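Naming follows writing order (A, B, C, D, E and F), and every chain is counted from residue 1.
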Amino acid sequence: MATLTIGCFPGLVGNMTYDFALKLAEAAVNKGHKVNIWFSGNASGSVKAKQKHLKDYSTGEKHLRALIEKGVEICTCEACSIARGVDKTNAIEGIQWNAMHWYLAKIHASDRVLQIGGE
Amino acid sequence: MATLTIGCFPGLVGNMTYDFALKLAEAAVNKGHKVNIWFSGNASGSVKAKQKHLKDYSTGEKHLRALIEKGVEICTCEACSIARGVDKTNAIEGIQWNAMHWYLAKIHASDRVLQIGGE
Amino acid sequence: MGDVKLAFVVQKPQYKSETSRLAITHAISYQTVEILLEDGDIVTPTLCFVGEGVLGLQKGQKAMDLYGITSTETHIKNCLLVDLDVLVCKEDLAKYGIPEDMMPDAEDMGADKKIKVAPFSEIQKAMEDAKHVLFF
Amino acid sequence: MGDVKLAFVVQKPQYKSETSRLAITHAISYQTVEILLEDGDIVTPTLCFVGEGVLGLQKGQKAMDLYGITSTETHIKNCLLVDLDVLVCKEDLAKYGIPEDMMPDAEDMGADKKIKVAPFSEIQKAMEDAKHVLFF
Amino acid sequence: MKLAVFVSDFKLACDTLERLNADKLGIIFVANGVYHATTKENGKSSSLLDKAPNLYALSEDIQTRGMKDEDVDKRVKVVNYSDVVDIIFNEYDKLAWI
Amino acid sequence: MKLAVFVSDFKLACDTLERLNADKLGIIFVANGVYHATTKENGKSSSLLDKAPNLYALSEDIQTRGMKDEDVDKRVKVVNYSDVVDIIFNEYDKLAWI
């Protein structure tokens, strides 16, 4: 079994790139691989807890909780999140908070890295 | 004096389109015009209070408060915001909350409308 | 000010960012805007799809099954149900080889209204007739 | 695993979305990654700008004065201060008519390191030498 | 119609502008759109400079990117935010952002 | 290098893919990138289909858009998320998203 690290920058809700990143993570972990996810940019807003899941909008929270449950490590860029007014006290439990070097450290120990840029 | 309504969809922080929308609003209100701003899409995340202003990141909160002070009406798409976990209890005071028809109603009474799409 | 006509012009494909689907839901909201207007005032949007904006409209979308979100197809049907004028650029459908009969309708939901596949000149006219144009 | 080399490839212009500037700040963070690694392990990014990614790098940026945000120029200087390899595609600078001497340096801050204006082939080689490539 | 189009990108993802007709057409280059006014690609000016007789570029966005107002093509008028407000209220009746 | 490139847009804003060299190059069409595999523009297939010998398109993203797996160009293999995981671990060593 191998390790995949995904860096995801695009924001949650309506941007299907974010949905892609989570679906790929789920498929990899379901096959027994280790998966890490790094959020930066607009994606760092998606660690906010109490997202209301409306059927017209995609959502982050329930998928993130399910991935954490399966052992996926998820970390948000602290600076990016607090710049958006999201801090640990109002975030989804189990998400890690760290600086950008968390991502580089996970990459160091990864077999594959998928960096997804965009808004 | 005339009325300008700006619809702004792109997210705050790093996306210079958002900064443009606020600067244009400020320039218009400084000339005595009436300005309305509608946030939807990623921009609806920018009504979150307690944004930390880091110098490496642009910010929404302090500019939004200044615009409200000058009489600019600002409203966020309620569904878009709550889908992102931002609700009235943790939002910047003075921002209005409404459905998409708020935007159409403001447009009805506007001389100029600038709809800015994007992420 | 009576009836204010708007042209909503969607030029980016669905399922890329949120913008193109928000264009549709914003247009649909014309149905309830009267609660915020004076008696006799209305807003009438025409929803136009041009360029790459004609991508992602066709029938048979599985977005709800596969991603758990309302499909663009469903949103388009809702437009027809609230009697919105929807124009899809004929030249652009042809450019991308999308048959006109792949456009959704809402007959099963009881809507008489249909999407109109129209030449760009008609979309241009909708922009000219509108008081404001909104590009998505 | 020792030294893991990375190629950061920026292909979108600065000041459009956040992605292109985050590429720079992420690369800079290599300087502190050792606190999370075993002794002897390091990460070495090479930061490459290609295509439209060469836009928005040049000297004299007024982003702080006009928009209140740190300029890309300042971020690039910070790269040089932490001794990061920065490659800017020579062919693309030429394509857009940007003189090579418009690239910033950080001499005033005491950095010896300079931006290297390099042919695409050298950027291709950085990608080949890297264990992972990251496109921004 | 008198239409002012804001162009905010250098490489445009859509061809809308090519097809639009307006009795009076103005293009306001903002954000990375200012490169249309300042930068040649392979020695060639942007084709948008031939598209409309009324061209403007936002000074703040030129200077943010390390360029100077003098770097702008002679056909383009350099304006600031305050000028943009006057332009959109006084010279056009509809606005588009593409 | 053995490089798998994820293409997620139909109209690409960059020409990176044109210049990249790889000993083994694969293209995985996802999101709106699937149109490269399903849709002709003015009767012409996407030039990306000639760029790499190994082409894949994500079934979930084809069907989300109202198209069918059978609509895909014969050169392209239709895959699902689970297949993508195997492809990136077993057949390539580096990944790019453009």
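Note that in this section contacts are C-beta pairs under 8 Å (C-beta built on N, C-alpha and C of every residue); 3 or more make two chains touch, one makes a residue touch a chain.
Quick caveat, the model's predicted, so the values are computed rather than measured.
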item: Contact-graph separation of subunit A and subunit E, given in steps at minimum; value: 2
item: Pair of chains joined by the greatest number of C-beta pairs in contact; value: A-B
item: Longest centre-to-centre distance from subunit A, chain (CA-based); value: E
item: Chain located farthest away, centre of subunit C as origin (C-alpha); value: D
item: Centre distance in Å when subunit B and subunit F are each reduced to the mean of their C-alpha atoms; value: 38
item: Inter-chain centre distance, subunit D versus subunit F - centres from mean C-alpha coordinates, in Å; value: 28
item: Residues of subunit D whose C-beta touches two or more other chains; value: 12, 15-18, 22, 25, 52, 67, 132, 135
item: Of all residues in subunit B, the ones touching two or more other chains; value: 13-16, 23, 41-42, 56-57, 59, 80, 112-113, 115, 117-119
item: Residue numbers of subunit F (touch at least two other chains); value: 11, 13-14, 31, 60, 64, 94-97
item: Pairs of chains satisfying the touch condition; value: A-B, A-C, A-D, A-F, B-C, B-D, B-E, C-E, C-F, D-E, D-F, E-F
item: Parts of subunit E lying in touch with subunit D, wherever the complex brings them together; value: 9-11, 31-32, 35, 39-43, 60, 63-68
item: List of subunit D residues in touch with subunit F within their complex; value: 9, 11-12, 50-52, 120, 124, 127-128, 130-133, 135
item: Contact footprint of subunit A on subunit B as seen in their complex; value: 10-15, 41-42, 45-46, 48-54, 56-57, 59, 61, 79-80, 82-87, 90, 118-119
item: Touching residues (chain side subunit E, partner subunit B) in the complex; value: 6, 8, 30-31, 60-61, 64, 81-82, 84-86, 88-89, 93-97
item: Of all residues in subunit B, those that touch subunit C in their complex; value: 7, 9, 40-42, 80, 99-105, 107-110, 112-113, 115, 117-119
